[in-house]
Structure formats: structure tokens, C-alpha cells
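Below you'll find the structures, each written out as C-alpha cells.
Both of the next two complexes hold chain A, though its partner changes from chain B to chain C.
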Partner chain A sequence: MIRTPLRPLAHVLPARARQEDPDSVMRHNLRQRHDQMEIAARQMAESRLLVLIVFIVAAFAAVAVRMANLAHSDGQEPTQQIAAAAIAQSRADITDRHGRILATNFETHSLYAQPPDMVDPAAAARGLVQVFPDLDEARLLRDFTGKRKFIWIKRRISPEQMQAVHDIGDPGLRFGPREMRLYPNGSVASHVLGGASFGKEGVNAAEVLGVAGVEKHFDAFLRDPAQNGRPLQLSLDLTVQAATEEVLAGGMAVMNAEGASAVVMDIHTGEVVAIASLPDFDPNDRPRPALGDDPSISPLFNRAVQGVYELGSVFKIFTAAQAMDLGLAAPETEIDTTGPLRWGRFKINDFRHYGNRMSVTKIIEKSSNIGTARLAQQIGAVRQKNFLESLGLFDPTPLELTEAGGSDPLIQKNWSELTTMTVSYGHGISVSPMHLAAGYAAIANGGRMIRPTLLKQSGPQEGVRVLSERAAAEARMMLRRVVSEGTASMVNVKGYSVAGKTGTADKPRARGGYYEDKVLSSFAGLFPAHDPAYAIVVTLDEPEIMGLGELRRTAGWTAVPVTGELIRRIAPLLGVRPLIEPDERIAITQASN
Partner chain B sequence: MRGLVLGLCILFLMGAGSWAYRQNYETRDVFDRNRARQIDIAEAHQRLSMLRAEWAYLNRPDRLQDLVSLNFDRLGLLPLNPDQFARVSDLDPMPIAPDFAPDALIEAVPVSASASDLGVRP
Partner chain C sequence: MTEMVYGAVPRQSGDAILPKWWRTVDLLSIACVLGLFAIGLLLALAASVPLAERNGFGDYHYVQRQMVFGVTAIIVMLIVSMLSLTLIRRLAVLGCGIGILALLLLPVLGTDFGKGATRWYSLGFASVQPSEFLKPCFVVTAAWLLAASQQINGPPGRLWSFVLCMLIAALLIIQPDFGQACLVIAAWAIMYFIGGAPMLLLVIMAGLVVLGGTLAYTHSEHFARRIDGYLSTEIDPTTQIGYATNAIREGGLFGVGIGGGQVKFWLPDAHTDFIIAVAAEEYGLVLVVAIILLFATVVIRSLSRLMKERDAFHRIAGTGLACMFGLQAFINMGVAVRLLPAKGMTLPFVSYGGSSLIAGGIALGVLFAMTRRRPQGRYHDFMTGTARA
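For the complex of A and B:
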């Protein structure tokens, strides 16, 4: 821009000629210039403001657009985590104490149809009937050509069947992934595992729900995603469990029994190492619950936990142990056993007459009802009731099975003196074999009552003291005498000293009274006797065997030999060192160099 | 001076821009590969669980029992017995093959033997 000089001659000279002040010209000029500068500065400032406004508007617009974008977009999982370990299956595995799989998942497919997408419904229906002969072609065709938009055809199909359906080649036939529960060991531990079935079903997934056993009891744990696929580790030992079931099945066949059960329990930790009930079932194909009044005829019935029975003489040791604990008797104290013992109209008899006086040890050894009833009379109803309650015999067993909660022991409401006497030898009280095993564990571990559990434990349980150390030791000695001298001599296993008590109880009739020819024979015990590690209970339902020319039903002839065989099989598997040293020096053959 | 600073700034900006651009694409690339790996891992997990299930199924006690009975002539396997336990002190000393002489073996190799003498390639 061309600047006008402050005192331009061209203006000054005519001003002077007009007698005007040339300074006013200069001021005029200066003012004009300042005006121009002001205008320029304002323009500059305005344009800067404009730029700033544009920036701010742009920035806010960007935020608004992003917000709108976020608000309208679908949620996306943050995929970029270190998530390799987090890819878990929807339901956790169940393993035994050594990590061997008892239950796991298996990927299968379900088959459904979407008729609107079908090309040739008639051919599809024909093809499907060839793959699945149980389907009805006419009905399929009716469904495919009707109004329905979605039809389930099969809930679970095998890979071969899936390929065959693929080969039909109709786009209206679709597959959805299905996770299926698999029990690879078949019927082993079936009552513990229970079973699973589908809950809510969708096209892409179906809920797997536990229906019984630990599957139901720990359903929330097994489905909890926070567990990250950590398996549920049970206390069971698969090998011991399988051997137990095998021996029990063999024993049941030989003894012509209706059913059988066995419990093997660690007396320090409370872990149930094996628990079996026969007949059993395959949890992969769980049978329907039995209809009718008697659930015990169904293979689903868990005799070891749900079956509450009057177990008979196996209870006698509780009476003897309590009498010794209270100081009422010592193992050598002589008790009057003159029979029959009358109480009102009721008579108590012994299986055989063993003499008019017997020591407490002898009473247990010979299994005298009269002697035990006399001891119970000394103990009294209240103390006996409290003691049995402290052994957990009045409550459902705390074992982690759904079935355990509903199997209350049957106890007489009016606990009279007669009740005290009959309960002392195991009549008038019905408990499950699991209850009995827990009670024997208390005697075996020196008088502490521990809670039986199906979960693997890291250490021994503390337990509430229910018996003195001394009384428990004396009771163990008596149980050992039963095996070495008394009714359970057939349980003597070479290498292992077993202690225990037999019980033969008449089965009650449904309409009151007892059967003459049907018994429940049982053996409850512990091994090894010198340093007990495990409690064991075996029961046989209605066993009969010919022995020495007559039909035998007593436990000594039925449950006892089965228990003997069971211990011979499982004790080495449990790593229990035999007491007797092997006779010959064992030479090792070298397998490889 | 001002021009130089401005120029440097522009250059820096361009450099930073192109670095950010490349970084962005590299990151996406890594994300993609990572996603592919995760899918692989998920598939491997699935295969693994399948194999575990199959292993458990093949090792189910019934089947092993049947196999043991079928192959009894060859294997002669019987259930573990209490008399198969023994103290280590009760065992005979480990039988050793008669022609096994460790001293002779050591002498056979001269102390000065080089690696090539022993047939080891350097």
C-alpha cells in the first residue's frame, strides 16, 4: 500500500495558501491512517475468531459423531486380551482324585429344518427317513410343506449321520452345535455322577444341566465361568471304585442277592474313596425314574446313601464303645446274658445260647443281643440318644449328593426303654450304609466324628470328639476279635488284619412285621486293624447261599466273604502295606536292559 | 530461523504421521494374527478335550479288564496281591548281565581320544 506522507506537500502548500494550519492536515492524515489500521486489526481478529469457531465446532462435531456412532453400534467383545487360557468349555469336567476323567463334554450336532429354505421337501423327507429309520416320512413331509418355519428333527446326531444329512444336500436342513455330557467309564460311579440333560435349547447352543448326583449338587460350580474350566476333583479313586463295583457285582451274583452296596472311606480326611450301589445304570443313557411306590427297585436308587435300613448287629459296637467311654464297663466286665430277656410283652433272644455270663468282648464277638441290650439299659435312653446323634445318625448324611439330602434316617419318636434296648443291637433305627461308615470311621480314628465328603481334601479333618481315645482303641480290639475269633472269620485276608462287625437284619414287610426268609446282611469294619486307614461297609440285600449243606443267609456267610475279597483287591490299590512279610525273597526279573 | 523451525516442524509432523500410519496398520495386522492364533488355540483346546475324552474312553476300566482277559496268555496280568509288596532290603540285588564290565568299557576309550576318534562329528 502506498503510504500518504504525514505532511504531504501537495496538501500543505494549498493549506498554507488558505491560511489554514498545516498541522490539522497532519492530524487528519494520522487519524485516517489509524482508522485503516483499526479496520485491518479487526478484520484479522474476526478471521481468527472464525477459524477458532470452525475448529471448536469441528471438534464438538467429531465428538458428537463418535458418540452417536458408539450409541448405535453393536457391542463388541474386547478380543485383544491374553485370553488363551480363558477359552473354556461351558461345563467343567469331573475327575477322580488322581485327575482321571469321570465326566467331560463332547461336541455333537443337532439337526433342524427351516422349510422356507427347502428346495425339495419331498426328497429331503425321503432322505431323512433313510438316515433315521425312526422318523415318519409322511409326517415330515406334512411339516416341511406346512406353515411352520422351524422344526427340530434330532437333538443329537453322530458325525456319520451328519455327513449323511449333508449328502441329502437340502439347504433347508441345518445343524446346530450341541455340547453333550460324556461319562467315558460307563456305569462306574454312576450313582455319584448322576447324569445331565439339556435345559433351555437354542439353535446355537443348549444348556447342559445336572439332574442327579454331584452333577446336580455342584451344578452352579460346574457352570460357573469364573472357575475358568477348572475340573471338579472328587475324592473317588477310579481304580478302587471299578474294583469295588466288580467285586460287589461278583459277590451279588454268587450270593443271589437283589442288590448290594459298599462304602470305602478314609477315616482321617473323611474322603469317600469308593461308593457303590448295585444294580447301577449308565449315566450316558440315564433310565427313567421308576413308577410306583417302591423307588428302591429302580437302578437309579443309591442304596449306599438313599437306602435307610435297620442294619442290625453292626450297631452293637456303638453300644459297647459308649459303655466303655462312660466307664460303665471294661472289655472284661462280665454281663448277665441269661435269655430270653423280657421287657413287657417283648422278648429279646440270641441266635444261639452262649452261656449265662459273658464279658463285653465276648458279647461283641458272639453278637449277643441280650448282652448289648443290658449294656444299653445301663447307659440309659438320653445318653444313648445323644451319643448316636453325635455320630450323625439322626440327620441326613452330609455327603455332597442331591440324593443325600432327602434320605433322613428313620428314628422312633417315642424313645422308650425298649427302643433303647432294640436300638443297641440295630433294630428300631434305620440309617444308610454311608451313616454307618461315618460312625465306624469315628471308632477307627480314635473317637473323632468327621464329616464324610466326596471332594478331595488336602489334609485330615479335625472332627468333634465323641469317644475317648481309650474307648475307641478298646472298641477296635473287640472288632478285631470278631474277625479273628468270632462271626466274621471269613474276612481274614492274608496280609491285612481287618476288624469289623457283622449284621444280619430281617427285612421289614411293607405292611409291618418282618420277613422270615429275607435279610439284609452287612459287614462294617476298618483296615488295617493295627493302624486303621479306611472304614468299609458292605451290605447285601436278600443274599442266599448253600454252605455246608444248608441255606445260609447270615452275614458271616454272605457279606463277610465279599468284604474279604473286596479288601484283598482294593487294599493293595490303596497302597496299604501288608502286615505279614512275604515268605520268599522276591526276585525281580529284569524287563529290559 | 523461523522458516527453518517451521520446516523442521512440518518434517517432524510428516514423519510422525507416517509412523503413526504404519504403526496403525502393523497393530491391526498383529490383532488379526492374534485372533487367528486364538481361534487355533480354541480349536486345539477342543481337539485336546476330544482326545482326553477318547483317552478316558479307551482306558475305561471295563475295556481294560476285557483286554487283560483276552490277552492273558501273552501278558498274564492278575490283580495286585498283598504278597507283591516287599521291603527294598528284602529284594535280591539287581541282576546284572554277565558280560557287563564297566571298567573294560572305560579302558577301551583312550584318554587322549579326540572327538573324531569317538565318531562324534565336530
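For the complex of A and C:
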């Protein structure tokens, strides 16, 4: 038997010499080592177990103490945590100039589902489809039984719908408060207000963001919690606005027009009291912009601000006023109006021929293109350009609407003498009705250019003088003559002397040139003429009416009667005192006292 | 001659089994466990009735089941505590293998009962959670390995037991069952600590636990949500913790009275994970402290008995089982009072449960087998001067 030496031979040999078995010695030694190790391990374990016991006692004591603390503390009313407090609520209201609500908030609820809490998904889906027929039952059931833990069902529901969903009685169907934007007047002032939609959405709140109009322009203000709910007060007068839209809609129907717009503006403060564009929409349910179509015929398009048009003869008064301001002419100055006026290949004609010489007043009254062009020739390109620019006709209107920023007037780059002549009677320059109203306001208020605004002002604006007091007054006299004697006789509202100018512009074709049978008819004016307070611009797009056995398109037959009706309606609302012309048959005898 | 032909007459060596068991087993701890079970039945009378109504059973359906399973569990516990330690060890190692196999097969054969984690085998009349049975088996196996590594020329038991622990923890995490995984790792760590872990390693281990927790937090939504719920200072009263906290507040010192509690109607897990809230609400702080004392008594008595234990295997296995038992109770109650982040863990022997009760009975039976008084070579200690009083 060969033994593997497990230890030094020097130990084995002496052991053998002592008659001892080296294996038993080895085993004995090993046992001893084991015993020692065991003792050491046990001693270590003893101390470690002690540590462990201390820890365990401490842990249980902590639980007991904590439990005692809790048991001793006062109960709290279970209050739901507002998880989405970060979303600023309560958008400020928008009111008209008298504080009447134009836009406010309305507490509704959103409906969502938490499938894990659902008792009977099938019944819930069936019930929901009965309440909301537009939902798909199969799809709801799939969502409710699937893995999703949270499903939006409806963003906004009415109280009746909410009750109906309550009646389904499934705890998995939940409601979250939703503040929605409400426009109680429906489509009134829709283009000004624009509309709002939801931005960031949480269960308990959703951000309301303005998408157009003042809602977008003043979005930051409206959402600013620091405003403390102070409403945004507009310059609009709700009743005037409503009347304007009503009259305009009626006029549009009678005149078979494609569209219409109107602006009523306070000539001292620059406040826009009413601004309307038809067709319009309901901001509570703002339609999506139709893609592909011409945006300028969409209901969303604000014709009064976004639409830039060649407005035609309404521009003539600017030419006349400037000529008088510069001293080139007086109202009685006779101008050669022999037609046609030739300029290169171009020919300027009048609608009717009124004679070879006409006074400036007569030129405006009869709306002579030739006479105006002659005046413009005298003024010259540079001065005309500067004047029109000072009237703000070269820049987007400063009105507080997001749409206003994009309303760049279309101006000829190369301002030739021919341009000077055509612009003098309103062709070759495209501006918005709002631009025009601001220009007329300058004439009406005695020659100061004021900035139109949609915000309520506290007092008159100190505008930049663009015309002398006298030239403005003479221009007003001419405008009054247009109404009393000339093309705009149908606007002669009894009691409210109106002054103004008509304009009938051929509509430009998309591919160049002008339509023969499509016009943009407009009336721009001011009232009352003896003490102007408001500037007014009305435009009708492609109006046609049968008058005296003829199909009429000219402004005198279309825009003018609509304006007349409009002024008849809104002047009393605006508090303009009618001028009582004493009836000759009634003799007033002053009694002596 | 007769003996040579017919074999030796079976002769008892030493005492009969039962008297010896009665003399050596930790009777006080057993009494404590019986007390816990009695309290559990009392609470089940309150907590499981709404559940029974919800599931369309008779009012005391779950109480009856608790009774049946509980009595079975206690009988199992007593029987196991009488077994010889060698047999226990062998069965445990076997059980550990079967348990791991069962865990591996869970994704294929298990059910999740709509709770988002596949942890159960459905047997029709009851569901079995294999991890519950695996826990005591693992502790015994790991203790055996750790003890073996203390032998001269022994196997690298520490490494093996560590690998085993990590394997089981990984299997539990994929269920996912972070609570049980934590418990397994914690039990192993404690056993390793008692089995002579170097101090430096303990520090490194602590670091690893922190790292693992961070990873779990960043990579598991399930885990992160619970931690977040724990860290947020405001309690949302509509969460389970919120209801539990409210229930404890309502209960005060002596409770709102038997059957007067409300929390059982609100918490789906009132009969299991939040049984302590039911206890606190209906019977007040008094019963809660009693429960804590019973748990603490079992754990501390077991540990103090193990301090005198000579055999490393017995000591380590006993410590692991006792600590696991105590830790599970601590975690369950700690969650209810928001000392710990929310984790689904039952209160051993008090919570309602079928197979988990029996598994608990097995674990305690092994523990009581480990803590039985044995000859500890006191004479030898005395002679060599290493004895302690």
C-alpha cells in the first residue's frame, strides 16, 4: 500500500518511533483544528447574532412607534390631489366695450376610462354607444379589455351626457373637469374672436389656447394668471356688431353677393366699434381650414382685414384732399376732363362723360377717373407715395389680430407716372377695407392719422397730422356732396347726414386682366357729416341687383343702400344724435316770458 | 444467535420521540405562532367577508378555508419540527431543486390571476405559489453550503450558495416579484453574515444592493412607480397606502370596534397585504403591538437559542429562517405604515392564504427543528475554558 505523504516526513518518523499511528495523529490534529474553528465561528456568530437581534428589535420597535404615531395623529379628510395643477386654468374673459361677454369659460367634463377598474366592460361599451352613437362598440370593448390602462373617450361632454354615463354605473368610467371656451353670441364677431382649442391635456385640466383672432393675439395676456381674471375689454360694441352683421347678411342676400365686409371705426380714438366679414363661422365650433380651396373664399377668411382688394374710386378723395392740402387745387378749381385720357398705350375713361371741364368737387361727386388722374399728375409720384404711406396704406394694418400681420397691401414696385394716375382712382393698389377705414378716419377727424385698435381706449388718440385741417374739411364737404348730389344718394339717411365715396372696382382675374362682369363694390364714408364721429367702410363682393330694368353692379346701387340701412340701424345704437331738420310746415313760435 | 438470524430487536435509543420533542422544542415560540394564527382567524372574520361577498361565496367561506389551511399548516409545522435535521436537509435540497424547476415552468404553466405577475399554479381548489415553498428549502440548502464551506478542504459553498441565491432572485424578478426576490437576497445576506462574511465584503454588498435598487428603479416601471409612491410626501388617500393610513388613524388606541372597520371594503388586499390595517382599525394599536410582540418573540427567542448552537449548519439555517419570517412581517407592516415602499407581501400566519400558510408552516417547522435544544458539548467547552454562561 502506497501512502501519500500528507505531512513532513520529519513528523511521521518520530511518531512511528514512538509507536504511534501517524494517521490517527493527523485525524486528531484535524479534529482539533475543526474544534478550534468551530469555537471561533461560534463566538463570531454569537456576537453577530447579537447585532442581528438588536437590528430586529429596532426594526419592530420602529414599526410599533410609527404605528402608534399614526394611530395618534388626526385623521385627514380624503382630498383628491390635483395632479395637473401646473396647467393654468381660467382663461380671462373677453368682453365688448360695455362689458358684455364675448368669450368666457364653461365648466364641462371630459370622459375617460380606466379599464382595470371596470366591472363590466361589455355593458359599459354598450351603454356608451347608446349615449354617444358615434362611438364604435367593438372598438371600445377591445380597448376596455386590452392592456391599456387609460383611454380618452370624449374630450367634452354635456351635463346630460355626463348624467347618462353616470347611469351606466361603471366605476372604470371617469370624468375630468374641462374648462372650455364658450362664445355665447355664436358667430357674432367670430373673425375678431377667432377661437380656441385645447393645448396640453391632463386628466384634471386642459390648457386652452387661442387659435386665431384676438384669442391668439392676446393669448399670453388671457392666460396670464397675474391678470387675476381681469377680462380683455375690446373696443367692439356687441349690439352694433350684431346689427352690422345682420344688415350685411341681408344686403349680401339681396345683392346676391359672394361676400361682404364692414368696418365701423371711431375717428377720434381709433377704436373699431364693429368689424364684420361674411361668410362667417361659429367660433364655438371653428371649422378646419379647407385645404386646396382658395383661402380667400373660406368662412375663416377675414375680408375686412386679411383681404386686400383694388377698391377703386373710394381712393379718389385721397387724391383730391392731397391736391387741396398741397395748394394745387381748391374745391372750385376747374380741371380738364376731356376723355379719354391717353397715356402710352393706356387709356383712361370715365363711366359717363360729364363735360370737358369740371371742378374738383364735381370730379369727386361724379367720380371722374380722368379728373382724378389729372390731379395726380400734378401731385407727382413721390408726393403721392409719401402721402399714401403716411395714411398707413403701405404697411399691414396694426389691428390686434393675428391675421392682420399677413395683410400686406399689394403695391406696384415700379411706381411710374401711370401708376400714379391709376392709384389716384384706386387701381394698381390693393389694401384691406380696414386700411381704407383708417384713411377715411384721418379725413374725418381733421387730418390726423390714427392707429385703428380693437382694444377699448380711454380717450382720443393724438395722431400724426397728414392733412391740413382745411383740406380735410374741404374733402369732407366733397364727400357730403357725393351723398347729397352724386353717386351715393341712396345713403342719404334722414337725420344722419352721411358723407362718403363709392367705389366700383372690376375684380382682377387670377391670370391677369379684369373681369367684365365681376366687381367689388364699396362705400367708404363718415357720419354724421356735420360733426364726424365714425368712419365706415362697406364692401360687397360680386353684387348684382336689378334696378330700373337694368342689372346693376355699381356701388351706388349695391354697397350704398346697404350702408344706408346699416347707418340707419347703428347710428342710434352708437348714440349719434339725429339732426332734426325742422319741418317747414310747423312754425315754432317762441313764446315770450 | 437469535439476533443474528432475525435481526436485532428494535430498541429505543434514548427517549421516545414525543417526550423528547416536548422537552427540547421552543414551546414559547410555538405558542406565539399559535397566537398569531388565532389573531389571523379573528381578523379573517372581519377582513375576508367583503371579499367573500364580492366573489359570491358564503360570508365565512374564506374563514373556513383559513381554518382548514391553518390547522393543516400547524400540523405540518409540528411534524416538520420533529424530523431529524439530516432528513430535513435532504428534503430541503430536493425541494430546492423542484422549486427552481417550478419557477422556471411558471411562464408556461402558471397563471397571473389578472394581477400583472405570473406567480401561481392553479390547482383548482387552491393556488400554489412555488416561491413560498422554495424559500425555506433555499435557506436550508444555502445554510448547508455555507456551513460546508467552513470545513477544512470543504467545497466553495459560499460561492455556490451565492449563485443559487442569485438564480432564484433572478427567477423571481422576471415574474416580477421584487418583494420575494429582496427577501431571498436579504436572507442569504444574513446567513452569509452569520456564516462569517468578511467585513469588507459586507460593505461592498451593501453598495451592490443600492446599485441594484437604482437599476431596478430606472429600468422597471412597476418598481419605479412604487418607489415614487413611497417618496412622495403627500399621501393620495385613494391609493392603498392612503386607505391603510386612514384606517390606522381611525383605529386609534383601542380601535373602532369589532366589525366596525371600513378599510376592508375599500382595499382589495385587505385580507392579505393590508391585514394589519384591518387589525389597527378594528382593534386599535393594542392588537397591532400584540402582533408585533408575537413576531418579535418568535424571532428573538429563536436567534438567542441559536447563539448557543454549536453546529454551523443549524445556526445558519435557523438564523436564515427566523430572519426571513421576521423580515416578511416587518416588510408587511412597514409598508402599511409607510416605513417602506409598497410591496406585496403577506403577514406570515396572520394574512389569509392557502398554500402560503402551509409553506409558512413548513418554514417554521424547520426553524423549530433547528432551535431544538441539543447536547452542545458544554462539558468540552467547560474544560477548554471557552464556555459562556
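Just so it is clear, the second predicted complex is superposed on the first by the 490 of 593 C-alpha atoms of A that agree within 3 Å, B and C clash if a C-alpha of one lies under 4 Å from a C-alpha of the other, contacts with A are read in each partner's own complex, and residues count from 1 in each chain.
Definition applied: a contact is a pair of C-beta atoms (placed from the backbone, for glycine too) under 8 Å apart; a residue touches a chain by one contact, two chains touch by 3 or more.
Everything numeric in this text was worked out from a predicted model, so none of it was measured.
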- Looking at the overlay, what does A:104 touch: chain B (first), chain C (second), both, or neither? first
- First (chain B), second (chain C), both or neither: which does A:494 touch? first
- Between chain B (first) and chain C (second), which, if any, makes contact with A:33: first, second, both or neither? second
- Tell me which partner A:253 touches in the superposition: chain B (first), chain C (second), both or neither. neither
- Query: Touch check for A:41: first (chain B), second (chain C), both, or neither?
  - Reply: second
- Message: Is A:49 touching anything from chain B or chain C once the two structures are fitted on A? First, second, both or neither.
- Response: second
- Task: Using the superposition on chain A described above, determine whether A:66 touches chain B (first), chain C (second), both, or neither.
- Result: second
- In the superposed arrangement, does A:242 touch chain B (first), chain C (second), both or neither? first
- Same chain A residues contacting chain B and chain C, which ones? 79-80
- Parts of chain B lying in touch with chain A, wherever the complex brings them together: 31, 34-35, 37-38, 41-42, 45-46, 49-50, 52-53, 56-57, 59-62, 65, 79-87, 90-92, 94-95, 97
- In the complex, the residues of chain A that touch chain B are 79-80, 83-84, 87, 89, 93, 100-101, 104-107, 182, 184-186, 188, 238-239, 242-243, 246, 493-496, 568-569, 571-573, 577-578, 580-583, 585-590, 593
- Give every residue of chain A touching chain C within the complex, in rising order. 30, 33-35, 37-39, 41-46, 48-50, 52-53, 56-57, 59-60, 62-64, 66-68, 70-76, 78-81
- Please give the residue numbers of chain C that touch chain A in the complex, ascending. 150-152, 190, 193-196, 234, 236-238, 242, 245-246, 248-253, 280, 284-285, 288-289, 292, 295-296, 299-300, 303-304, 306-307, 309-310, 312, 315, 319, 323, 326, 330, 333-334, 337-339, 380-381, 384, 386, 388
